[in-house]
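Worksheet: one structure, shown below.
We call the chains A, B, C, D and E, going by the order they appear; numbering starts again at 1 in every chain.
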Amino acid sequence: MTADLTLLLPLAVLWPMLLAGLALLPGWGPRMLMLLPLGPLPALAAALFAPRDTPVALPGVLLDGGLDLTATGAIFLGGAAVLWFWAGVYAAVYLRRDGRPAAFALFWNLVLAGNLGVFIAADIVSFYVFFALVSLLAYPLVIHDRQPASMRAGTVYLVLAVTGEVAILVGLMLASFGAGGAIGIEAVRAGLALPSAHPAALPLLIVGFGIKAGLMPLHVWLPVAHPAAPVPASAVLSGAIVKAGIFGMVAFLPLGTPAAVAGNVLTILGFSGLFLAALLAVGQAGAKSVLAYSTVSQMGLVMGVLGVALAAGSAPATVLPAVALFALHHGLAKGALFLGVGLAPLCGRAWRWGLMAVLAVLGLSLAGMPLLAGALVKSAMKDPAGALGAVLIGLSALTTALAMARYLAVLPKAKPRRRPPLLMALPFLALAGAALWLPWLLYADVTGKSPLAADLASKLAEAWPLGLAVLLIAGAVAVGLKPPALPEGDALGPVQRRAAALTAAARAALRAGSRSLRRSRPRKQAVIGEDLDRIEDIFREGAAAAILLLAIAGAVVAASLI
Amino acid sequence: MDLPLSDILSAGHLYALTGAVLVGLGLYAFITQRHPLRQLLAVNVVGAGIFLILGSLGRGPDATDPFPQALVITGIVVAVALTAFGAAMIVRQAETRAAAKPAADDNARGAS
Amino acid sequence: MSPLDLLVAVPLCCMAAALLLGRAARGLILLAAPLMAGLALWLALLPPDAAYLVGQWELPLGILLRADGVARLMILATALVIGAVGLHALVEPPEKPGHAAQAETFWPLVYLLWAGANAGFLTTDLFNLYVTLEMVSLAAVALAAMGSLAAALRYFMIALLGSLAYLLGVALIVARYDTVDVTLLAQLAEPDLATLMALGLMTAGLLIKAALFPMHGWLPPAHAAAPAPASALLSAIAVKLGFVILVRLWFEAFPAITGPAALQVLGGLGAAAVLYGSVQAMRQDRLKALVAYSTVAQVGYLFLAFPLVAGAIDPGDAWAGMTLQAVAHMLAKAAMFLAAGLMLKAAAGERIADLGGLAQAMPLTVTAFGLAAVSLMGLPPSGGFTAKFLLLTAAIEQGAYLYAGVLILGGLLAAVYLFGALAACFAPATTPRTPVTGGLRTAAPLALAGLAIVMGFGGTALVELSAIAAPWAGPALILPEPAP
Amino acid sequence: MMTFAPLALILLPLAAAVVSFALPERLSAWRNAANLGVACVKLVVVTYLLMQAEAGLVFEWRYEFLPGHDFVLRLDPLALLFVTLSVFLWLLTTIYAIAYFDRGPNLPRFFGFFNLCVLAATGVAMSGTAITFFLFYELLTLATWPLVAHKGDEKSLRAGRIYLTYTLAGSVAFLAGILWLQSLVGPIEFATPPDLAGVPALTLTLIFILCIGGLGVKAAIFPFHGWLPEAMAAPAPVSALLHAVAVVKAGAFGIVRMIYDVYGIGTVAELGLGVPLAALASVTILYGSVRALMQSDLKKRLAYSTVSQVSYIVLGASLIGPFAVIGGLVHLVHQGIMKITLFMCAGALANRMGIKAIADLDGAGRQMPVTMAAFSVGALGMIGMPPVAGFISKWYLGIGALQSDAAWVVAVLAGSSLLNAAYFLPLLYRAWLLPPPADRPAIRELATTRDRMLILPAALTALVSLGAGIFASLPFSPLGWATLIAEGGYLR
Amino acid sequence: MTFAFDLILCLMILGTAGIALFVRDALAAIAFFIAFGNLMGLTWLGLDAVNVALAEIAIGAGVTGVLLILARARLLALGDDATCSGTPLWLRLGALAACAGFVVLLAASVLSIPPESGLDRVVAPLMPGLGIENRVTGVLLAFRAYDTLLESFVLLGALVAVWSLAPAGAWPGRPADPGMTDAPMRRVAGTFGQLLLPVALVMAAYLVWAGSDLPGGAFQAGTVLAGGLLVAAMGGTIGLPSSDRPLLRAALVLGPAVFLAIGLAGIAAGGLLVYPEGMAKALIVIIEYTLFLSIGVTLALLVAGPPVPDASHPNPEGKG
């Protein structure tokens, strides 16, 4: 029986691939769009029922790879499956008039397969394959509507994704080598902890996963790419795909062995991202951009905590459950928030108020409003985050709340008298519900603590930054203060312009160089040619032959006499 | 009348030396002469010199070796055969040139 | 009955018959070609000690004919080349248009050349070699004169000079040793002035005949101007006789008195010839001049081999390399000239640039040219490659890196100019082509080039053949008992 | 009887060549049939041989072509790897070429030389001695030249000339090298590596440089790569063949033979020759990629990509570590499959829609989706994107480099991957995402048999390159075979 | 003959040779060359080599001289006087140095070889087997008959080569008329020719016959015959035949062919050119007679030169 259930793992990835293949069949595109929700179901089943830590070997595939579901992976997998499912339902409606349903279905399912695969890969090669799948094939989703902004976003996304891929590949190679050529993830992670590990391995992995997860200076793709995609795609991008990067860190960071440098750097970058990104979010004009920056911020929190744990050498067991839980909550909540953006134009009047209410609750949850799921997962994070980290997490409620307020403020205006279709509202509500409920449900299982054990009063007291935020927002609204307008992707624009100028200069220099090389060839051939002709004319004379004859005869004689 | 030279230089050697000088003379003429007919003549002189060396060095005190004599006769016949061919070629070349020249002159005149 | 005499007698009979038959003599080649090929094959299969005293007169006086490996290979190649060229000339008139005299005299001259070459390859008698040399020279000059009289006259004069130098050397040898037989001289020779002088003179004279740089001046104009079948015979056979006689002199008659320095003189000239001939060939814009200069370069290899043969501990490889180079060049160059003749005729021009479109119009002829080029360049699989390979091996084994370098460089240069010509055939045609193809016309060059290639597959057999009665292989020839 | 199996692999294409040369154009159907038939028969023979080889049998055919120098055809696992690759790809390329040319001029010539190329490539693979190798290596040069110059226009002739200049210079260097070595240690048999103990290190180094330099020309190692982009003037099937199987591979294959079967790992390491060669290969990888980036012609870009990719094989061979060897060997196959996909697609694009410049690619994906899908798979594989086969090669190379204490190579691999992405992804972008120009007529991609023959081979190789990646650890996968070779021969 | 005679003869030879080589006028040069040839003949007599002396005078001086005169005359008619042309001084000096050095070396080599008739000892005991007396003939037609056989074909080949030079439209045809342009002279020559031809025939036949035992032989005799034929042709007594006359061809080929046939017949007796015991003399005589006939005709035609276009059909390439 167990054996049968382990087969859910390969099924979890093969099933979406099969669906993707079906999308290739001529004329099946629209049909496959309707079937999008089917994709993550085996994964959901696997997350629920598949045995933990029971590897499934897949002989002959890749480098004899395998799949394995860890406890942490199961949370990621389950969360992702739920998000993908509801986003799929949403997409089936949202995109029903889309011009390229087949392409969307194809890549949706492929990315889904990759995303799920990342969480259950047992060896680094499979992991890398799935990671590349989710990373690169998300590109078509980003540019699905082919708007110029989307295309630009897609290019940025692709450049950073490929860079990240390469960093991860090299990092994995170094790590695998350090582990004696092993390819099992556990073994590789253990190898990274060894003193003999290559010093570049860990930084490269952090950079690679950091790009995917939006680590602060590498996050630039995220705020441009997430808003560019269609709403359901944005939801999964921000909610699930980003988690692939987080999961990469979860899987490979050698927790339990202090790694001061890497850990501290990751801490600093993560926490600075937590605050900076949130502040940048406040400056955004589009709701999706705000959410994207918010994702960067939230992921910064996770990575900051991971950094602290890494530097301190905390045992994985003390960190990973909290991270998983946090990721679960964030993924579902962020998914719901994105779907909300798509719903907003469709909700007139009462519907809008309802929508706003749910969104506000979600926002507050993200910010860490006590009693909501967000506060729960944040409190779980505070343990491994260390003293300073805990303070920072607490403070982040302020910035997050500001960002969420901004989100609500810039939410698209509704057209009058519209009511959302059921199949779009339902996913939204379901996700919101799951985001608020699932952490409560799983908290005890995962962390081994009761969610209600903590003192409520102290929690409320810790929520002062949130209160401050409410005051600030109220004040700002009262005075009519407007946040500064910041471009999507902050530093991206200037960097791109500089790069373009540099490339042009290099091209010009190269061209000039090659031209000067080509010019300086002397033309002496003709002169030599004439000389050769003259020599040949001499040889043709009988007199020359006679003299040469004497000379050669003499030479032979002389040479023989030597 | 016997010159003292005869003590150190037998008749055979004397003719052989003459042959050697003839070869040298002929070669010199071959190099410095331009006209093919004169070169042909020079070659014949060289040949005669060679035959002379060949024959005279077979001149023993009592008899002359028949072997080199036979070779010389063969050589003379080959030489005359080649000379005839050479002379014919020289004449033919002159004829061809002479035939080509008036035509060229005509062309030149026509052009001017 | 022995092929040793028939190989000379049959072409002489053919020459006489050709004179008697007049214009009908053309068809004689149909009989002569297979007959001679058969005889040559018979010769090749004779026991290793096959030898023959003409008229059964004993040695110091008589003339010894002997079939060593070099002779066997050269005669076989000669039979193939003349046979093919003759069959080709049967359908492709060798004369200038309108020259009926050339059409008729071509055949007796070819047979004279054939007899002379065969006689020269077989004999060990230096004076007899002189006569054969003149037979070949006479026929060669006359054939060359069918193209350009001026070039032929120059050739004639220079060749005459060479003959005389050789004859002078022979005269000194006769006087000094009372014999002109190579096998006897091998035992008698002493390094005194007269002998060295004789060797020097004969060598210099023969180098003219073999057209080794810097005595090659006569060759390019004569070979380039002659009608294609004549050029083929000249380049393939006429120059080889001088080479074979030099081999007899340096390795059979006088190996004891030729010092390494003297060998280096020849080797150095050979190397210079390879480079000079190649460079000149590259500069030609007329196809046949290019092919003619290629002969200058190819001849260089033959002499470059001299120090390699002499310097080798086991000279078998270098010897075979030298011999096979001569054979491969015969086949390939004859094929190339025949093909070039057809190509130029079709192109109605003589420049390389006129060849455009021929690869399409007459692919088989261009193939023949290409295969011949492969052998000349020394690319595998071909006789040229086998030869160069053996020489290169020998050069490297002896540490003669200069020669090795020249061997390599020469192949490259050959590739440059020959592929240049070949590539021109692939260019689009500027004017419509009237291909000259069909039957024996194309088959002859193709067969010769094919043979040059096939040689590359029979390396071992050819090496063994070349080693038969070779001077380095063991004791001198055991003379046959005279008839009682 | 099976001793003649290697010979049969040589004679079969020879027969096809003769038939192709001999049959006049109006009998082109017969010629096509003969070509395909022979290719299929060869595939059968090779399959049989593979099964035999799995059982450990090694076939050998020997003939003394010069005294002391044997002509040896030997089918060891390494040979079989290359033979299998060439035979398989040749079948596809033949199908492709038949469709590509349809009724062009000079086809008897083309197919004749085409088959001679197979012959030579197969021979290169099966060569058991250095001299045999050289023979086929040179034959390959010659047989390829008419193909490169096939079109006969100014550009093709120039390309042919440059091609010859490079390759002939290379092969004489190689010849000089092996002859030098032979003069010191006697005939070189790959099966029994020569004893180099008595040879001075400097001499060995010089010989190594000569040989690798000579082979490096065909393998297009910087700075000997100049001919390859020029050779793009040739028709697409030729480019496909040159790049994927025949010419560049022969060079790379030769380098593998030199390092492992002539010098031996120990000697190369002792002489310190591996690292400089690896460095040169690395330079080539990066240089080729950078140059590819600068090209505006599709085939030229692919050509520079080949320059870069083939050096992976050399890199693997020169790193001298178990994983690196496997990586190099497996890339020999993977690169072949992927590159032939790319070239066949490029040819199909040019043939069907006249697309030559990269700028013309706009919208090609919409008009020829199957072709472009295959192209995309090939391109992603080149980048090293899993699960396409190229990734497996890179993986092994990377680990191998680390095993050999050459971590810098990993940086090279990374840089190259980035550059590959930089020059391939824009192509995909254009083809899939930009609209086709308005004046380009719409076509039906797979309308006729000829269209299918033109496009489906590429689709098949694309699938194979996917399969080779996904199922890399199956015993008969390229990786499995390369591992077998490495374990059997080089990792003792 | 004394040494002084030898010395003077040698000096005269060198003198005439020098004049022949370097005199400006071509006719004078040829005249001195003929004189030089005759002096050479004397030398050969002095060396006791009568056979060679005959050959030298008849062929070396006679035929070659006539050849050169005829060629010079034809060149003159074309406006080419074949005079010495000036060559640069440096070339002369260089050539002089080279030739002088060469002569010194050659002289030293020559002097290092003692003159002796080494092979005479080998030849002498073999002569009785042949049945003839003249050792030179023995060498020519027995011991080294192979050389002579080939040589006879060389001569034939030379004629073929000369014929191959015939201009377009001249084939088949007659050689240019060597006849005297001056009518009285022509008549003299004609009369002389009528007389000389039979005399020459008889004399030649004798020379051949004598050749077996006394000095003489086919070549010398052939030359005499050629001389007679030429003089007769000059006088118009006989016309030179057209090159395609079967009889002419037969006459040309006869000697070499018979020689070759006898040589091949020798294969039956043991090998090429083996004369069966006792038949040597007879065979040699047969060879000599046929050869003499062919040589005579060949030499005469060689001197006459290639066929020219028929006067009745003017040819643009003909003589001007």
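Simple rule for what comes next: contacts are C-beta pairs under 8 Å (C-beta built on N, C-alpha and C of every residue); 3 or more make two chains touch, one makes a residue touch a chain.
Only a predicted model underlies this, so the values are computations on that prediction, with no experimental measurement involved.
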| item | value |
| --- | --- |
| Set of chains adjacent to chain A and to chain C | B, D, E |
| Chain labels contacting chain C and also chain E | A, B |
| Most distant chain from chain B by Cα centroid | A |
| Most distant chain from chain E, judged by the mean position of its C-alpha atoms | A |
| Pair of chains with maximal C-beta contact number | B-E |
| Central chain (by mean CA position) | D |
| Length of the line joining the C-alpha centres of chain A and chain D, rounded to whole Å | 37 |
| Chain centre separation in whole Å, for chain E relative to chain D (CA means) | 72 |
| CA centroid of chain C to CA centroid of chain D, Å | 42 |
| Between chain A and chain E, centroid-to-centroid distance (C-alpha), Å | 106 |
| Multi-chain contact residues (two or more partners), chain C | 61, 127, 131, 134, 138, 141-142, 145, 149, 157, 161, 168, 172, 175, 178, 193, 197 |
| Residues within chain E bordering two or more other chains | 91, 95, 98-99, 102, 105-106, 110, 113, 115, 118-119, 123, 139, 144, 147, 151, 154, 157-158, 161, 165, 167, 306 |
| Pairwise chain contacts under the document criterion | A-B, A-C, A-D, A-E, B-C, B-E, C-D, C-E |
| For the chain D and chain A complex, residues of the former touching the latter | 294, 323, 380, 383-387, 391-392, 394-395, 398-399, 402-403, 407, 410-411, 413-414, 417-418, 421, 425, 429, 433, 469-474, 477, 479 |
| Residues of chain A touching chain D in the complex | 59-65, 125, 128-129, 132-133, 136, 143, 146, 151, 155, 158, 162-163, 165-167, 169-170, 173-174, 176-177, 181, 198, 200, 510 |
| Residues of chain A defined as touching chain B within the complex | 542-543, 546-547, 550 |
| Touching residues (chain side chain B, partner chain C) in the complex | 16, 23, 30, 36, 39-40, 43, 46-47, 50-51, 53-54, 57-58, 65, 67-68, 71, 74-75, 78, 81-82, 85-86, 89-90, 92-93, 96 |
| Residues of chain C touching chain D in the complex | 316-317, 359-360, 363, 374, 377, 379-381, 385-386, 389-390, 392-393, 396-397, 404, 408, 411-412, 415-416, 419-420, 423-424, 426-428, 456-460, 463-464 |
